[in-house]
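Note that chain A is present in both complexes that follow, paired respectively with chain B and with chain C.
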Partner chain A sequence: MSYFSIFFQYAGQYLKTRLTYRADMAVEIFSDLLFQAVNLIFILVVFGHTSLLKGWSKDEMVFIYGFFLVPFAIFGAFFNIWDFTDRYIVKGEMDRILTRPIHSLFQIILERMELESLFGVVTGLAIMFYAGNNLGLSLHWYDPFIFLILVAGGALVYAGIFVTLASIGFWSDSRTDIMPMMYNIGNYGRYPVDIYNRIIRYVLTWILPFAFVGVYPAAYFLGREEWYIYAFITPLIGVIFFAISVFLWNIGVTKYRGAGN
Partner chain B sequence: MDYIIDVKDLRKEFTSHSSRSGLKGAFRDLFTRNYTIKTAVDDISLQIRKGEMVGYIGENGAGKSTTIKMLTGILTPTSGEVRVNGMNPHKDREKFVRSIGVVFGQRSQLWWDIAVQESFRLLKKVYNVPDEFYNTHMADVIKTLAIEPLLDKPVRKLSLGQRMRCELAAALIHNPPLLFLDEPTIGLDVLVKLKIREFLKEINAKYGTTILLTTHDLSDIEALCERVIMLDEGKIIYDGALQQLRENWGEGKQIQFLFTEDVFMNELQELTKEHLVVWEQGTNASTWTASVENDEEIISAVIGKVVAAKRIADLKIVEITTEEIIRNIYEEGAVRNG
Partner chain C sequence: MGKYLEMIRIRFLMMLAYRTNYYSGILIYSINIGAYYFLWSAIYGDKPSIQHLSIVQMTTYIAVAWMARAFYFNNIDREIALEIKEGKVAIEMIRPYNYLSMKMMQGLGEGIFRILFFSVPGMVIVYFIFPIQFTSHPATWLYFLVSIILSFVINTQINLLTGIATFFLFNNDGLIRAKRVVIDLFSGLILPISFFPGWAQSIMGYLPFQGISYIPSMIFTEGFQGSGVIHGLLNQALWCVVLFIPIQVLWATAKRQLIVQGG
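After this line comes the complex of A and B, so read on.
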């Protein structure tokens, strides 16, 4: 597969560039970690007093948060497209992308990757092991594989939503605050959805399915059988949303106008 | 179908929305939007054969870049047919762009932060160029463009001329049979321009590379292109040999006189009334220019008459430059057929 070897070439180049600016990289990893620590403290404080919230224990909530960090880190490493409209449409950088023989979205993933974000995977795993240990969870031999599949599904859900949003830029390059707003909505996925009212729950499941990034797949490992059906359709939802987003992207590319003068 | 570029009735319209002012305006915009349609490229047809070097010229905003973007698959045409290298640039874009090279003088194609040779290496991978070919071909390109000392510098540290030479090299990594250059010499000094022209001639001769270039510098066209296509407000107003253009438009000559004393228009007209001469005063009353037909007899007769009657300090016969011819055409907006 040439896309794989192209990917490794880019990743190699990326690391090379990054290592020449080691200080920057350290700062970035440190601020990432700090950000995650603040979030974790928030959860511990808010849920510290109530040991049970709608039937979820504190450790379960922490576990869900830990799980969420993993697909989110992968999304963050490869889908830095929150400034797509500004960077590629308004400035006309898309011209360059479109004269190269690789799928345009893949090129943008390659150009914009931020591999430091992958540290979130480590944090997430650590949190899950800590909470899982408290909960006395045990692992089957096949659980790591299921984990990989569910994480991939969650990352695809995130990617699908954000690629869809970025595609809007092909039709209208006016400034909107949709991107930051969506980052906020995404955060709802890391709490159990049944603490929200029915409408929000519906939205987080079928419209902006961020629940498939955190609570649903995590429910599988927590042994919450009432949510298993949702846990198991995670990869399906991920593939569907991502496929739709790529479809929209491809239509968007034909609407690209270039930078006007 | 031996045309490498074959375009029929190609058209591109840009719609731009204008928003009304005020809250009420914004509300009305929700339902009906005011918009204007700008036709950037207006039903043009053209054909280019393999190995041709064609100059694509026109004033600012004539639609040159828009045409190139449609031919390279960046923009989707509003209507019309395009076949480039036997393919439709908008279908199969990824396969198509392997067969072309593109340089936009106004915009870098290289990665800003990484060294030039790293950029080349990534592109080599992207275009899947075999090692042996890359090594021999690029060594040649690098040598001809004299960019060897620049290879380990990041693009953002290069001067414009240095960068442009690297851009050209990057566009040729996969040795495409067709090269699009949009203002490749913009802002460059004479030496770099000459080097780039030499290089383009060389690859055209060596590989038969077809080149379509836009420029505002007509000396580029004179040095490289036998054929020019002239665009005005999205329409092709001339497509043919540069030589032909000069013959149709540049048939006249100008004779510049510097007299030792002030001379009046009616005196000069009286002297040359047997011939068709247009007299124009220069910077002062002792310098005059006579525009005449390009005919040796007339030129000699006019000079003879004037010199016999008036003392002159200097005399020069000049041909109308291509620059002036083109400017005249732009001003009239159309080309005389003849």
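After this line comes the complex of A and C, so read on.
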């Protein structure tokens, strides 16, 4: 069976299990929406007291946040590996994964997917259209395609960073809180990077490139030409970081010894 | 009374055994404080003050709001929900103590641990990183102390309410998550209540949430002066008393319709 058909088989099963508990799913989507609304409210309230933030207007900030939500939702739907060490290494579940005929990382993605996170894509698009409309942005015929590429780049940046962190579990299964820490650092990418100092900006661009999830790609649609170069290397950065992470993962798998019992 | 003090002590010791888990927590809170510090610096730009708060007061506000969160925050809503789902609550009810008071004491044990091993060192660390000002008025410190104790009580009462709701909803993970988001926003953790537009402020005036973070943080940064401090403290004290009523009503109703599945 090809990876594609396996994916759709798993997704179909997943939907069936979720739709059995519709009320629970509705509440979950609602609380996600609430969470997304909080950040939006923050931006809106703050702009009641200032008209520009380091040269960015309210609608531009809102647009960047809307863009950020899309790759983040895709990442959240497929890369639930924040508890990888606990769930798969410490409990020895990785043994089972390795007996499966597909790539171990892909198997974990299938098992841990949370498709309801994809609702964030809808929220993100709605926010972008609202802000874009206020800004009077116009779309070229090729913009939707560029959008898809930039979103994929952003999602790969996130995936790359978190798969790399998960791979550490193969070498050391001691408890660390590095994952939640990284989620919080990731929030820095929701805002324009020029509000941070030089060091943080450098880190967010080249070391933990969360800026490529929000502000850089969004700058393309906002017509901020000084950021174009960063916008266009977004897919490249995504592919590089994801490739490194898969490389590390593959080495890590060979170091896996099982929990043994 | 002795048994409740013992509860606080045991929870404190339990937390102490896992204290290394908390060092990373300080780092996470510092990262969050950092994000908001940079945002606010950009928002202030050249403005000397917004809504009567200077940038230094604002930074102090964020730092103290997050560090105080470590004190009042607890997971007893989740614990209660779990004990109800697993049916353990039936055993808890026949034990010779009041279940809800016991939960509150456990939360307090956790809070005392966190204030000593999380908030205080965390505050010292962020003091060296960000421009924060500590007041030199002893009275302010005293008011702040009273205020965060009241904020702990209010937050814990809301957690108890959320926990007891499991009796009626059976599965309330969503409610617990939603409550957390609502508290972060409406308590003034993310941004001071005084920044909201007037209509939103007047709605929030009727809600208990600002007693959790906004009032203690404003007292600490001396954004409240004179009678403002007293009003704030009275508001918190009032909510502590008012919230007691729905808890008792819900708890009495819940006990009557308790269904224990298995056990």
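Here is the rule we go by: the second predicted complex is superposed on the first by the 256 of 261 C-alpha atoms of A that agree within 3 Å, B and C clash if a C-alpha of one lies under 4 Å from a C-alpha of the other, contacts with A are read in each partner's own complex, and residues count from 1 in each chain.
We take it that contacts are C-beta pairs under 8 Å (C-beta built on N, C-alpha and C of every residue); 3 or more make two chains touch, one makes a residue touch a chain.
On a predicted model such as this, the values are computed, not experimentally measured, just so you know.
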item: Room on chain A for both chain B and chain C (clash or fit); value: fit
item: First (chain B), second (chain C), both or neither touched by A:6; value: first
item: Touched partner set for A:42, first chain B, second chain C, both or neither; value: second
item: Contacts of A:257 with chain B and chain C, given as first, second, both or neither; value: first
item: Chain B versus chain C as contact partner of A:95, first or second or both or neither; value: first
item: Contacts of A:103 with chain B and chain C, given as first, second, both or neither; value: first
item: First (chain B), second (chain C), both or neither touched by A:17; value: first
item: Contacts of A:34 with chain B and chain C, given as first, second, both or neither; value: second
item: Touched partner set for A:196, first chain B, second chain C, both or neither; value: second
item: Contact breadth on chain A, by residue count: chain C or chain B; value: C
item: Arrangement angle, chain B at one end, chain C at the other, chain A at the vertex (C-alpha, nearest 10°); value: 90
item: Distance in angstrom between the closest Cα atoms of chain C and chain B, superposition on A; value: 11
item: Set intersection of chain A contacts, chain C complex versus chain B complex; value: none
item: Footprint of chain B on chain A - complex, ascending; value: 2, 5-6, 9-10, 13, 16-17, 92, 94-96, 98-103, 111, 254-258, 260-261
item: Parts of chain C lying in touch with chain A, wherever the complex brings them together; value: 21, 24-25, 27-28, 31-32, 35, 38-39, 41-45, 47, 50-51, 171, 173-175, 177-178, 181-182, 184-185, 190-191, 195-197
item: Chain A residues touching chain C - in the complex, by the definition given at the top; value: 24, 27-28, 30-31, 34-35, 38, 41-42, 45-46, 48-50, 52-54, 175-178, 180-181, 184-185, 187-188, 191, 195-197, 200
item: Contacting residues of chain B [partner chain A, same complex]; value: 14, 16, 61, 66, 69, 72-76, 90, 93-95, 97-98, 100, 102, 104, 107-109, 111, 113-114, 118, 121-122, 125-128
